[in-house]
Each structure stands twice: as structure tokens, then as C-alpha cells.
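Next come two complexes, and both contain subunit A; in the first it sits with subunit B, in the second with subunit C.
This part shows the complex of A and B:
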């Protein structure tokens, strides 16, 4: 078997790459980017409709575009890209052959057919049921078929990933333990299996119900299980983008984790506790006990949040350590000032860490607090939060990685590199605006998934405060900025593939700057004081914002 | 590096660096504080969602709502024909979500507690009282029961904030608090 595999040696990294894995990475990543373009376009249409004075689309098209935006971005773009990451983290990083490449292609086509079918069915207009497709609202049966095909394809790739780990281990392609990035990808793949199983458990009966073969699906049960997929799938993204953060720190700075033990423990907490997150969506639901809500929504004592807080320190910490080893030791922040601010891979990953932590992370914990959810559930605060995590965190990290990965894999220079320098700032600015303005409007009570905040067609009337209208307009402006950045990204990636200058020679990744900390653990002072100060700034913002929201809660009507 | 196997094969024996250890301690403490806040608020806070709920058929619930409206109706809202209902303080209130209205309109007294019953007869709906900003999820087949005390007077909108089809944006109810 192994003899039939052909390899090439990557001049930049020195890695031996299985040509089939190489091809699968490229196809999955490029397909992901195409759907990012489609889904991003739908997102722009949504934001322009929710901008009160623009109010672009009619109601039916608005709900259609919103459904398509959710499916194309949250599922298709992100998961196709994660499939590329799984091949990369297993076959490439372990320098192993990819077993059963034909199965990988089968999975790819299954996912592509699912994604295309999903888009066609949504565009036909009979499946504007939102990404969540809550029963008893019914979509075209093909809508559920499309999601299932896509999920089965993704599941196959997860098993192929595990198979590659086994092959690499038994063929001894590497020494010792898995690289941290591969470990993170493995965590993502394990969570993905749980997630896809939850999806199958609820979507198969829902498909049968839509065909008339099952008479009734309980709407509360649907939400409990659906979010076992819906929220856990976001934890695949978190694990994957944290792995990308570590990968970015490694290729740009030659950074080494401060201690492997801490990073791996933090990843492990994701596997143990992230599955509880379904409860985040059930905090104001009838019939669930407070004990159930508190235990599950907090991931059992916030242990998964704790995991993310650890990564939030260890990723920039590993960068600081690498920079200090290079001699940037002045003061607290010389290491950061002297970072390569013109390199979109670094800037994108750095902004991804900041936006994910400060915007998406803090708001997620607040939103997921049992009682605080009362003042936020289903308001536009919710999309505000997850644009901070999924767009500002995951998507930006993946895009940033592309600026390194695409030239390496395709052997071409990025088209218009000056433009690339602008990209992460512009995208980060737009997404941060979207997240913060939506959170602001949500705090003023503006509903999510709503065509007309003026209620012009309703028999009764209600006026949101003028500030809410202003915030929704600012959200629209931010979406335009993010869309321009997104268009720059897609254009650059496509043109790099088509007309990018052929890459001559090698551009080696940063060398291993930070030798192990062995022996330094007990030295005087902190190894990464700058990062620690940043972490304290983060904690202060977190604590203040958390308690401000309890203050808001204490001002609403009394409930018991 | 993070993209290669750990250089030290016995990486689990490496000491944890001091910054990390410090941060782990701080983060764990904060995690415990956040966890404790929720039970704390159940004991000392005044905004906690009740967990009382019943299974009920849409028809049975509709009957309860109609009886409630019949009993306490005081007028109709303008020329909309929608009944305005004024139950006495402490009374049971039955509100119904359906495509696309929150029924009926309520008139309540400030500072008085009421026992709210909420359910839907068709799809999922959101029960979002604005501008006080209380947001609840309403399911068909489930009757949610909670005590609510308005603490301010004025005209309040009841926005449906769960997507319920093409007329979703017209689903708006009203509560007067005097």
C-alpha cells in the first residue's frame, strides 16, 4: 500500500507531503473560500436590510438570505476549511501517508453535493427556516437531506484523520508525542464526532417528520439535541482556531509552547466539558430545572472557559518568549512592538486572539449566565456575540493562516502583497464593529432574525429608542467594511492561484527560537510579563462587564 | 515548536512556568466566582425564572385564554378589535402566542405581582417585553408559569423575537402598566 504513495518535499518547511493529502487540502480549502464568498454576500444583504434607512431586501428574501448566510458560513465555509486543517495536521505535520485517499475524495464530493443541494433548496424559497430549523416549522425534506449529506462527509474525514494518526504512529513517522497543533486538531475531531452524532440523532427524525412518516417532534426536545450539534460545532471551531493560533505562532516566530503540559490540559478540558453547551440556548425555556441550567451552562464550573483563558495566555506567551529569545527584551512590550506588523498571517492571528477573547469570549460567558440570559435571549446581542467568536475568532484565524498556507502549498506568491497588509486590520475592524454594535442594540432589546424593527406593518406599535436605530445603522456600515475586507481576501486567494508569481526557492519558516524552558520554571520573575499584563487587562474588562450586566438585570421587572 | 513533536519526550515532567501557574490560579478563582453568582442570585436576587411548566394541548390552552379574556375584558384597543384585559392584582394571566399576534393586550398595576401563563398554539415564539427587556422562549404544548411584577409604569411592547415565518415582524403585543 505505502509504496503507491507519492510525495513531494516542501522547500519551506522541509516536510514530506503525500501528494493526495496535498491535493485534498487544496480542494477543501479552495471550496471553503468559494462558500465564504457566497455566504459573506448573503451576510451583507442581511446587514443592509437591518440597516433601518436602507432596508434593502423584502421580507421573504431577507429570511431566505439569513438562512443561507447561516448555513454557508457557519457550516460550509468553516467545516470545509476544517477538513483541510485535519489533513494538514495529520498527514503533513506527521509526515505520514494518507490512508485511503479515495475515501477522502468520496467525503469531499458528499460534502460538496450537500452544500450545493442546501443552497439550491434554500434559494427555492420553501426552506427559509433559519440555520436552526426549529420544529414545528417545516423545511423542504431536501433541506435536511443536504445537511445530513454534508455531515456524513465531514464525519468520514474525521475518521480518516484518526486513521492517519494510527498509520503515522505504527509506521513511526514521528518521534514521541503528537505536535501540539495535531493534538488540538484531534480535540476538534473528537468533538466533531460527538457533534455530528447529535445532528444525526435529531435531523434524521426531522427528515422523516417532514416526509410525513413521523407525526410529531417535541419542540423542546428538538432544541436540546439540535444544540448538542449547534453549539458543540462551535467548539470544533474553537479547538481548530486555537490550534491555528499555535501553528501561526510556530511558523512566524518559531514559537514553542511555554509548557506543553498546560496547553494540552487546556485542550483536554474542551473535550470533557464543551458538550454541555447545549444549555446556553435553553436558559429561558419552559420546563427545565435551574440546577440543570446552572451546571450545564457553566460547563461545570466554567472549566471550558478556563481552558480558553489558559490558551489566551499561552499563545501570546509563547510568542513573547520567542521574541525575548531573539533579544527583544526591553520593558514589557518591546517583543510586541517589534512583531512583524506587516505580515497578515501574524496580524490576523493576533487580532483573532484579541477579538475572540475580549469581544466573543466575554460576551459569551455573560450571555450564557442563567439569569443574565433573561435580558439577552434572542436579541441581536446573540449574533453580536457569535460574530465575535466565529467571524472575529475562527474565520479571521483561518483567513490569516491562508496568507501563509496558500503560498506554501501552491508555490505562488500572494497576489498584491501590499493589499494583504491591509486585510486583517480592515476585516478585524468591520467584524469588531458588527459584534459591538449588535451587542449594543441587543442590550436595548432589538430582536435578532427580524425584518422590520419599526413594526410598520403591525396592527400595534412599539418604538425602539433612537440609539437602537443608530446602532443598527453602524452595524450596517461595519458589515460593508467587513465585506470589502472579505472580498479582498477572496480575490487575493483566487488571483494568487490563477496569476500569482511562481515562488522561487524556499522561504523557510522561522527557526526554533525558543528552546525549552527547562530549568527556567523556577527562576526569578515571570518569563512572559508583557503577556501577563495583557491577561490582567482582559480579566479587568471581563469582571467589570460581567457585573455591569448583573446591574442591568437588577433593574428589570421582578420575576420569580 | 507547536507544529513538531515536543523536543523533550518527557514533556509532562517539565515544570509549569510561574506566569502560567499564576494565571491558572486567577482564572480558576474567577470561574468559581462566576459559578457561585448564579445560585447566589437565586437566593438573593429578584429576577429569577420560575421552572414551573405543564404539558398542555393547544386547544385546551386556547380555551383557558378565551375564558380569561371573557372574565376581565375592559375595552378594545382602538379600531383593531383586540381585547384589552385588566385582571386584578395577583390574578392568573393567560397569554397566547400565535401566527402572528400576542393575545390579548394587558392592563396591569405597577408594583403588583401577577401569575403569568404563556404558551403557543402553533410554532415557537419569543416573548420579549420592551423596553424593560425581558426575553422568554415559548413552545407549543408547554404552558410556562411565572410570577412577574412590573416595576415601572408606561406602555410596553411585546415583541416576538423567535422567527415564526413571513409575518414574524408584525407579531407585536402590548402591556399597559398604570
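This part shows the complex of A and C:
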């Protein structure tokens, strides 16, 4: 389908942008933001219900809201935004035409219909099975249909991404290796293929079962295959937000990776090992061997964690290098002090790296250790951990990028830029609070996905320590802060599109942004002492926290 | 930035290293990224579930 392709030249970056890709990026990103708003609203409802003295929703609405929160925010918001990223990283960064744009639109509509259908079915109240939809809980058949439509749409976009790589290569729109940001997006697309295949393998039989065509689905079999999707999709997010980190360093600082070789090898570790960690969701299942659990969650997974630590080192490292080249060379940290702390794109990405590493990353390794998992499994420690990864890490990185991407793509100034400066701090604070307070309450044994921690009308009750109630209240307060920040973000993005000032001047983009995004960095060495110190601080916290948990395990698990 | 460009200094005739050839090929990577978890996680896991004896 060699339709004629029209282009526009981006005045900020000099990129030549295929108009169809341009439009698909805009529509996917804006749709994503709308669902972020819906999903965030449900998150607030859930958090206010889990705040013991507020206890907002009745039980059936609580589980409905929890299902909607998981589906809208974890699947719909994140994946729609990732589709925008895939188009950006392929067609725009490779300066290539987008092959088969009609297929891209078809995929968009499939995903949108799936997302809307999913919301309608969940709101009807017969599908409060949470986004994991564990059998034998049965949802309305249309619930599974909705998820499948959405997933097929996303799979099509992945193939379109690979097709664009092929077209760009054969039409020689770029030279040598793929730019690192595109490479990172490709890793996300690769993981997505396995993810969506796993989803189809389990959701199609589950659909048939909900229609009464299959009599039984084994619950352990369901969990094994479902988590091939459920966990791997988080690894799409990790790869995508790491690509966004590199993109952010490039557009704000004109930074290039300190070592292409090291960064790409770290991504290769993701491709090979990240998805195996799916087994950490099965650590307490009887019936699976210790060899299976430990191989997949420890030996293999630590290699992938190592990959993340490399990225956590090379992104700040590349920023430090770029800043030092601009003359900020005093002491260990002048490069950081003189960073643009008023720029929400930079601050958001910086906080995303910190929260992902210190909060989400460390707690993830602890949870993924078979023995330690016993202390926290199915407690609210688990949502605490993943709000550190997927909300503080992925979501904050994507939101931060929007403060750059939206003005560039739509040629408008961000509405109320002063407010924008507050956004990343407020959201970072709220999400960190959610993560830490949930982790704290989980350590005291509070369950996840539980309507009433006071057990008011339960035949068998249990008294949590007073501190647990306090922590859940603090979680509620943090949720309000994060929701205010989330609302600011959505409002700003929508108002920027509707009434933002048309822009004449350039956005705050490093003059060498395009070069940073698409060029290659080479062997500049490791002259980044500041980053090195930060890495040591991280490793120390990591080791301390890890061993504190072993100590804790030995105290509550008295075997002698 | 010129010193950074020097990475290309090897010249066009320098052979591309083996690892770089792999990393430059999206389809080898796609294969690895699907095959590794399919074998080590999915197939291994499914085999273990299947081999659980059925209660009499």
C-alpha cells in the first residue's frame, strides 16, 4: 500500500514527520490521558474506602472500582501511551514513512472499542473479578472479549512497528544501528509479542468457559499462563520507560548514552530474562517445584535486575556527562544542582528514576525472593511495591515526557506553566506516600484487595495493630495528594489542546535534542563521579533493606 | 561533540563485531525474546502443572 505520504517539518527538532504517524501519535496519547483520568478516579475511590475512618464505598462497589482501576490504568492508559511511543520511536526518530497507516487506525479503533466495552461491562457490575480475572471467578463473557479486542489492537501496532523498522532500513532513512531510544522501544515491542500471545492463550479458553462451552479451567494452569501476560506486560512498561528516560536526557540536555555497548547489552538482558520473573507471582503455589520458582525468579531475574541497575546508572551518567561538557564541573554534584529544576519534563524523569529504583526496584527484589515472599505475599505490600514501579516509575516518566511532547506536537504552550512546575513534585510525593505506607501496612499483615480491615461483620475477625490503621489512613492522604496532581496533569493537557496559546517560539528543548535522540554516543568513558556516588548510595540501601527482611523473616518464622 | 563522533573511526572496512550484528537484527532479538520465556517459563511451568497427580 504505497499511498502517498505527506510530511511536515517540526520547527523545534527539525524532524520530518509523516502526517499519518503524527496523527496516530496524537490520538493514541490523548486517548491514553482520558483513561488515566478515569482510572485515577477509581483509584482514589478505592483508597478512600481502604482508609478505615472514611470507608467510602460499599463492598460491591469497592470491588467494581478496584477492577476498573486496574483495567483502566494498568492496561488502557499505559498501553495506549506505549502505542504512541512506538509510532514516535519508529516513524519519527527513524525519519521514515509509516507503512500501512490504515492498519494503524484499525488497531486504534479495536483498542478503543475494547476499552469502552470493558468499562461498560465492568460498570454493569457482573464482572468485578479484578483485572487478573482468576478462575473460577466468572465475569461476563464480554469482559474477556473486551480484553481480547484491546490486546489484538496492541499486537497489530507492534507488528506495524517492526514493519516500520524494515521500511526504514530498506529505504536507508538511517545509518548503522538503531538509535538507542528506538532500540528500547523495540525491546518493549518484543516483550509485547510474548505478552499478548500468552494473554490470548489463556483468555480465549476462559471466554469459552464463561460461555459454557468448556466445563473447567484449572486454576493453577490459569495462573501460570495468565502471569506470562500479567507480569511481562510490566516489563513492556519498564523497557518503554527506560527508553523515555534516555529520550528525556536527550531532549533536555542533548545527552547521548555514555556507552552504547553497555546500554544495549543491558537491554539484551531484558529480552532474555525479564519475562521469566513472571514466576514470582507463583512463589507460594503448591505444585510447582522449588527449582522452577528459584531458577525463574532468582538466577535469571537477577540478571534482568542487573540490566535495570545499568540503566539507572547510565541515564544519570549521560546527563552528568552532558552537563560537565557545558562547564558544570565543580565538585561531585554541580551538574545536578545546575540542572533545570523548573522544567517538569526533567524533574518528572529524575523523580521517576529515583522512585523506580529506590522504592519499586528494591521492594521488587525482596518480594521476588522465594523465602522473603512468604512474609508479604498477597498483603498490601504488593500494591505498595508496584505503585513504586508502574505509577512512580512508568506513569510519572510518561507524564513528564508529555510536558515536552505535547507542546512540540501540537505547537501550543502548556496551559498554566507555573502549575506544571508543581506537578512532578506533588505526584512524586503522593505516589511515594502510597507506595511506602502500603508497604508498611503490608509488613503488618494487612491484606490487599480487602474491603474492610476492621472485619466489622465477619464471623472470624482479626485485630490489626493500631499502626496498621494509621498507615492506611496515611495511604489515603497520599492518595488524595497523588489524585490532585494527576488531575492537574490531565487538566493541563486537555486545556493546552483546547485553549493553550499557539506557539511561535521554540519549546525548552536542548539545541542538540535531535542529535541526542538519534545520534550515537561512543566510549566517552566513565568520567561521572557524581553518578558513581549515587549508585553507591543505592547499593547500600538495597543491601541493608534486603538483609533487614531476612532478619525479620527469622523472627516471625520460628523454626528450630 | 566531535570527539564523540570518533567512534566511527574504525572506517567502513572494519568488520562489525558479532555481538553488534545480533543486537542490530530485530528479528533475531524477537526470536530470542519469545523463545526464552516460552521454554523456561511457560513450557516448564505447564509441564509441572500437568505432572501433578490427580486426586483419586
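Operating definition for what follows: the second predicted complex is superposed on the first by the 530 of 560 C-alpha atoms of A that agree within 3 Å, B and C clash if a C-alpha of one lies under 4 Å from a C-alpha of the other, contacts with A are read in each partner's own complex, and residues count from 1 in each chain.
Criterion: a residue touches a chain if its C-beta (ideal position, glycine included) is under 8 Å from a C-beta of that chain, and two chains touch if they have at least 3 such contacts.
This is a predicted model, so every value here is computed, not measured.
Touch criterion met: A:256 reaches subunit B and subunit C at once.
After overlaying the two complexes on the shared chain, residue contacts for A:74 are found with neither subunit B nor subunit C. With both structures placed on the common chain, the touch criterion links A:542 to subunit B but leaves subunit C unconnected. When both complexes are overlaid on chain A, the residue A:455 reaches subunit B alone and has no touch with subunit C.
Of the two partner chains placed by superposition, only subunit C is touched by A:186; subunit B is not.
Of the two partner chains placed by the overlay, only subunit C lies in contact with A:165; subunit B stays clear of it.
Once the two complexes are overlaid on the shared chain, A:24 sits clear of subunit B and of subunit C alike.
The larger set of touched subunit A residues comes from B, when the choice is between subunit B and subunit C.
With both structures placed on the common chain, the touch criterion links A:194 to subunit C but leaves subunit B unconnected. Shared-chain residue A:177: touches subunit B and subunit C both. Taken together, the two complexes place residues 176-178, 218, 220, 256, 260-261, 287-289, 512, 515, 520-522 of subunit A in contact with subunit B and also with subunit C.
Within the complex formed with subunit A, the subunit B residues making contact are 1-9, 11-12, 14-20, 22-24, 26-28, 30-32, 34-35, 37-39, 41-42, 45-51, 53, 77, 80, 82, 101, 105, 113, 118, 122-124, 126, 128-144, 146-152, 157, 159-166, 168-174. In the complex of the two chains, the subunit A residues touching subunit C come out as 162, 165, 176-178, 183, 186-187, 190-191, 193-194, 197-198, 218, 220-221, 224-225, 228, 232, 256, 260-261, 264-265, 268, 271-273, 275-276, 278-279, 282, 287-289, 292, 295-296, 300, 512, 515, 520-524.
Residue ranges on subunit C touching subunit A, taken from their complex, read 1, 3-8, 19-20, 23-24, 26-27, 29-30, 32-34, 36-38, 40-42, 44-46, 48-49, 52.
On subunit A, the positions that touch subunit B within their shared complex are 13, 59-60, 63, 93, 130, 134, 136-137, 174-181, 218-220, 246-247, 249-251, 254-262, 283-290, 294, 298, 301-303, 305-306, 309-310, 313-314, 317-318, 365, 369-371, 373-379, 443-445, 447-452, 455, 457-462, 464-465, 512, 515-518, 520-522, 525-529, 531-532, 535, 539, 542-543, 546, 550, 552-554, 556-560.
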